[in-house]
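One structure is given below, encoded as structure tokens.
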Amino acid sequence: MIDLRVEFAGLVLKNPIITASGTFGFGLEFAAFGDLKRLGGIVVKGLSLKPREGNPMPRVAETPCGMLNAIGIQNPGVEAFLRDKLPLLPWRETAIIANMYASSVPEFGELAQVLSVEEGVAALEVNVSCPNVSFGGAAFGQDPAQIRKVTEEVKKHAKGKPVIVKLSPNVTDIAACAQAAQDGGADAVSLINTLLGMAVDIRTRRPTLANVVGGLSGPAIKPVALRCVHQVCRKVLIPVIGIGGIVSAEDALEFILLGAAAVQVGTANFLRPDQSFRIIDDLPRAMIKARSDSLGELRGSLKLP
Amino acid sequence: MMLERNCREVKVREVRFLGTWDEPSDFVELTLENPGWEAYLPGQFAMLRAKHWGLELPWGRPFSISRVDAESVTFLIQVVGRGTSRLARLRQDEVVIIWGPLGNGFSAPAGTPTLLLAGGMGIAPFRGYIESHPSPEFLHLFFAHRAALDFYPYLVMAEKVRAEAVQEHSTDDLPEIIARIETAMDGYAGGLVLACGPTPFLRTVQAHALKKNIRAELSLEKTMACGVGACLGCVCKDGQGRNVQVCSRGPVFPAADVQI
Amino acid sequence: MIDLRVEFAGLVLKNPIITASGTFGFGLEFAAFGDLKRLGGIVVKGLSLKPREGNPMPRVAETPCGMLNAIGIQNPGVEAFLRDKLPLLPWRETAIIANMYASSVPEFGELAQVLSVEEGVAALEVNVSCPNVSFGGAAFGQDPAQIRKVTEEVKKHAKGKPVIVKLSPNVTDIAACAQAAQDGGADAVSLINTLLGMAVDIRTRRPTLANVVGGLSGPAIKPVALRCVHQVCRKVLIPVIGIGGIVSAEDALEFILLGAAAVQVGTANFLRPDQSFRIIDDLPRAMIKARSDSLGELRGSLKLP
Amino acid sequence: MMLERNCREVKVREVRFLGTWDEPSDFVELTLENPGWEAYLPGQFAMLRAKHWGLELPWGRPFSISRVDAESVTFLIQVVGRGTSRLARLRQDEVVIIWGPLGNGFSAPAGTPTLLLAGGMGIAPFRGYIESHPSPEFLHLFFAHRAALDFYPYLVMAEKVRAEAVQEHSTDDLPEIIARIETAMDGYAGGLVLACGPTPFLRTVQAHALKKNIRAELSLEKTMACGVGACLGCVCKDGQGRNVQVCSRGPVFPAADVQI
């Protein structure tokens, strides 16, 4: 039996496969399709202080090997999450990571305060990269100075819980953003969030999404995600969580070879709702392809010319 | 109906396509191996994806469960785009990935006069509804369609329940069709009206149901990515203006509780 | 017969379908597959002052609905192009656009000088966005001040030939780059060039491309390209040429609805070598879908919420 | 051979798959409708793409033309990845997009003792080479293979020309196989050696040809996006260290003129 455990940023995960925010609901939606306890971790849907209805419909569109979403962080608010969802999740066995969305620096701090007292929350993921909200979101994520500020503020209220800063690829220099997160005290960075994209319906002559633009995810963006993770791994010392277009165990290993400590699986959960579990099942086989029985040995072992 | 039990048993299955097709058609009856379903509620749906699709289309496609027997499950599919055209080209024994039954179903109260309003492919769920209903003699099917009647399973259904069909040849026919729908609904003021079809059709039904205070249920159609309530891509507003997932909280909603 | 002609930036094209640089060779490679005179235009492979061998192999990789390339502007040099290729092209009937690559501002000027005396060259496309060369290329393309400088320099030597500046999507604010090109005197902008990406082979534990990173193109990037074109069309007054993932006449119309004056077809030429010709054939049918018989009416007619 | 004429006639065609397969296999003989080709040079290849691939795989795939007759063209395909596995699942009459014949071919001088060195699927072009050669009695096929011999068309070819085959069971067999290749080549010092196979195999042939000054031609394999010389993704270095496209300037190169 290959040991799939990974440890980083104060987290101990059964395996490096974490489900990505917004693509796995609050986990409970997937309990029928696999044993949630088997997951390395679950990042829940983005949470805000107050409930949010999100953007108007339509807010998803399928694109070649990918999809656009402009959900706009619809969520029941952090209180409802802590009251109605978290207790039902197997948080003792699987890392439940809270994905945080706020529209100002102090609000991020407040949210961190509320979440960090919860035993069931393993870590905080700071979404400074959502392209689907008009205020906050990507605005922070595209400016290293802001990233640093938000990180410091969250860290201040995190009571020692690991703080993961989730980065946007819609920037000229993502490594500089990662550096800013590290400077702000982040325990890890996760990347990438979605690429800003758009779809058009020539019949109606309207954007397919009511929000006009949305975030592109799925296999289509994996090459961009790999490049970003590569750039960031070479720049920062804190652990990196790789995200973007992962649908298979091989894909996951590609990110780990670049140096990622773990990965998140997003859009692949829509390919079929048991896909994250299948990826975990398949990891040992994929590791054999890479001629290794140790994730530690694989991590960062990419040979560069 | 064992819905509770059933729901916990929703799994992703890989099943074989049992049919064959002689020639390409825009309306196909897709029969798959029964994925081990013991029960379902008519009105529920499943997400389908041919195994050979690969990654170009990352989403499954939702289809109403039309009927289920011990060996098989049947869907009625109209080809409208990339996924449906691929499904309509399946060959025998090809593998389809399926998860379901998903969502809720139509009410099926025994002994209640019930009007089934079907628009186009909206007829699909009513096939199984009629077959499993405790008192089919109380059912009345009203079917509005555009394509020729033999593209739909109307005739086999009309053998089992009282049924009438009206064809929309052009939009000029709409006022009359709407009038007939409303007249039919008026006859079920004390009973139940179930509707499945395109959104404009559902709006007509909803407006009349609310106006005349007729108990009605509507099955909604939205683009779906996950089918299990996770992506929040399929929401509609409930009576209080809050977003609810059509896939997991619907697709069937009381006409009074949903904004369409 | 629907009139497909488009006029912009001093160019008159038979139709809005132009083949994109690097994906259609010097045009001659495709003469067997269609009548080159039927194309709206041909942008030839990137040209430099001196011949270039480009990057080491492997330098292409297929990705989901897309591909990576790191050709590195292999080309025979501008002199060889003018001597051996241009005379064989139907430049009287079809706009032949020279795509220019240089590694310094003065070199861009020199190249413009050489090209602009040629009757057969309809316009100059300035590639300030190639991700596959270590010096120049994207370095310019990510800095609006540099874009402006290069544009001014090329414009100065262009002898009135239209100057099209080709923009990189690998930036935080592509509209600012377009603005810089406009400020520098560009007659048009074309976008997008490729997204910076990467692929990894877990068996060899090496990047698939010898150059490590490469440019992502193809249907996968169409949503990003549409978003960029939308942002740029709302910002600048000069004409915009849409590029990125176009494989069908419908795709081309999507860009035109956003306001593009014409489009370029790149990776689709690899789907099948007659694809650009097929797109032209199919345009009238696609226009019917959008309920129009006039490209002028369609252009920029997107209805925004 | 009418190559000149033929080259000008290269077009993209949509042709039907004429075969059927009983069961999945890793080695398939793919026979398509003849796309209207009147002639080709053995060693030339074509780009193939099943029409139903959609956009997930944007590139066609290059395969040596194995044989052509008035009705059909045949390729020998080993399943190694996404495109070949899709081709090996084609069903009868399914449409394949094809452009070719592409590239150059092997020399076929009459009356010249010629050694055909095939490694694995590198045997494909020699099938047609043997059939169309002006003096097959001068040919000698040497075939190095890994999979069982009956996965390849070796036996039908051995009926027509002198032939020997050697199987590589493990890498331990390599030194002996290399020795046999070199010995065979030595017998053709005054003639011609043609080689098609994996790159390490070609390197062996090239090294010995240069050492012994034997005239040899090598058919190279590179990942190809366009197949027509446009993308510059398939280049190798020529004798002067300049990049040349394998698809349009090859795939066959004189052993002395190419770096592999």
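Order of writing sets the labels: A, B, C and D. Residues in every chain begin at 1.
Following the convention adopted for this analysis, contacts are C-beta pairs under 8 Å (C-beta built on N, C-alpha and C of every residue); 3 or more make two chains touch, one makes a residue touch a chain.
Every value quoted in this text rests on a predicted model; they were computed, and no experiment measured them.
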item	value
Both-way neighbours, i.e. chains that touch chain D and touch chain B	A, C
Labels of chains that are neighbours to chain A and to chain C	B, D
Contact-richer chain pair [C-D vs B-C]	C-D
Geometric centre distance via CA averages, chain B-chain A, whole Å	35
Rounded Å distance between chain A and chain D, as computed from the means of their C-alpha atoms	47
Multi-partner residues of chain A (each touching 2 or more other chains)	64-66, 218-219
Junction residues of chain D - those touching two or more other chains	55-56
Arrangement of touching chains [line / ring / star / complete / other]	complete
Residues of chain B touching chain C in the complex	55-56
Chain B-facing residues of chain C, complex	64-65
Chain D partner contacts - residues on chain B that touch it in the complex	52, 54-56, 82, 86, 89, 91
Chain B to chain A touching residues, read off their complex	7-12, 49, 55-60, 97, 99, 222-223, 225-236, 242-243, 248
List of chain A residues in touch with chain B within their complex	22-25, 29-30, 32-33, 45, 53-54, 57-62, 64-67, 69, 71, 74, 218-219, 247, 267-274
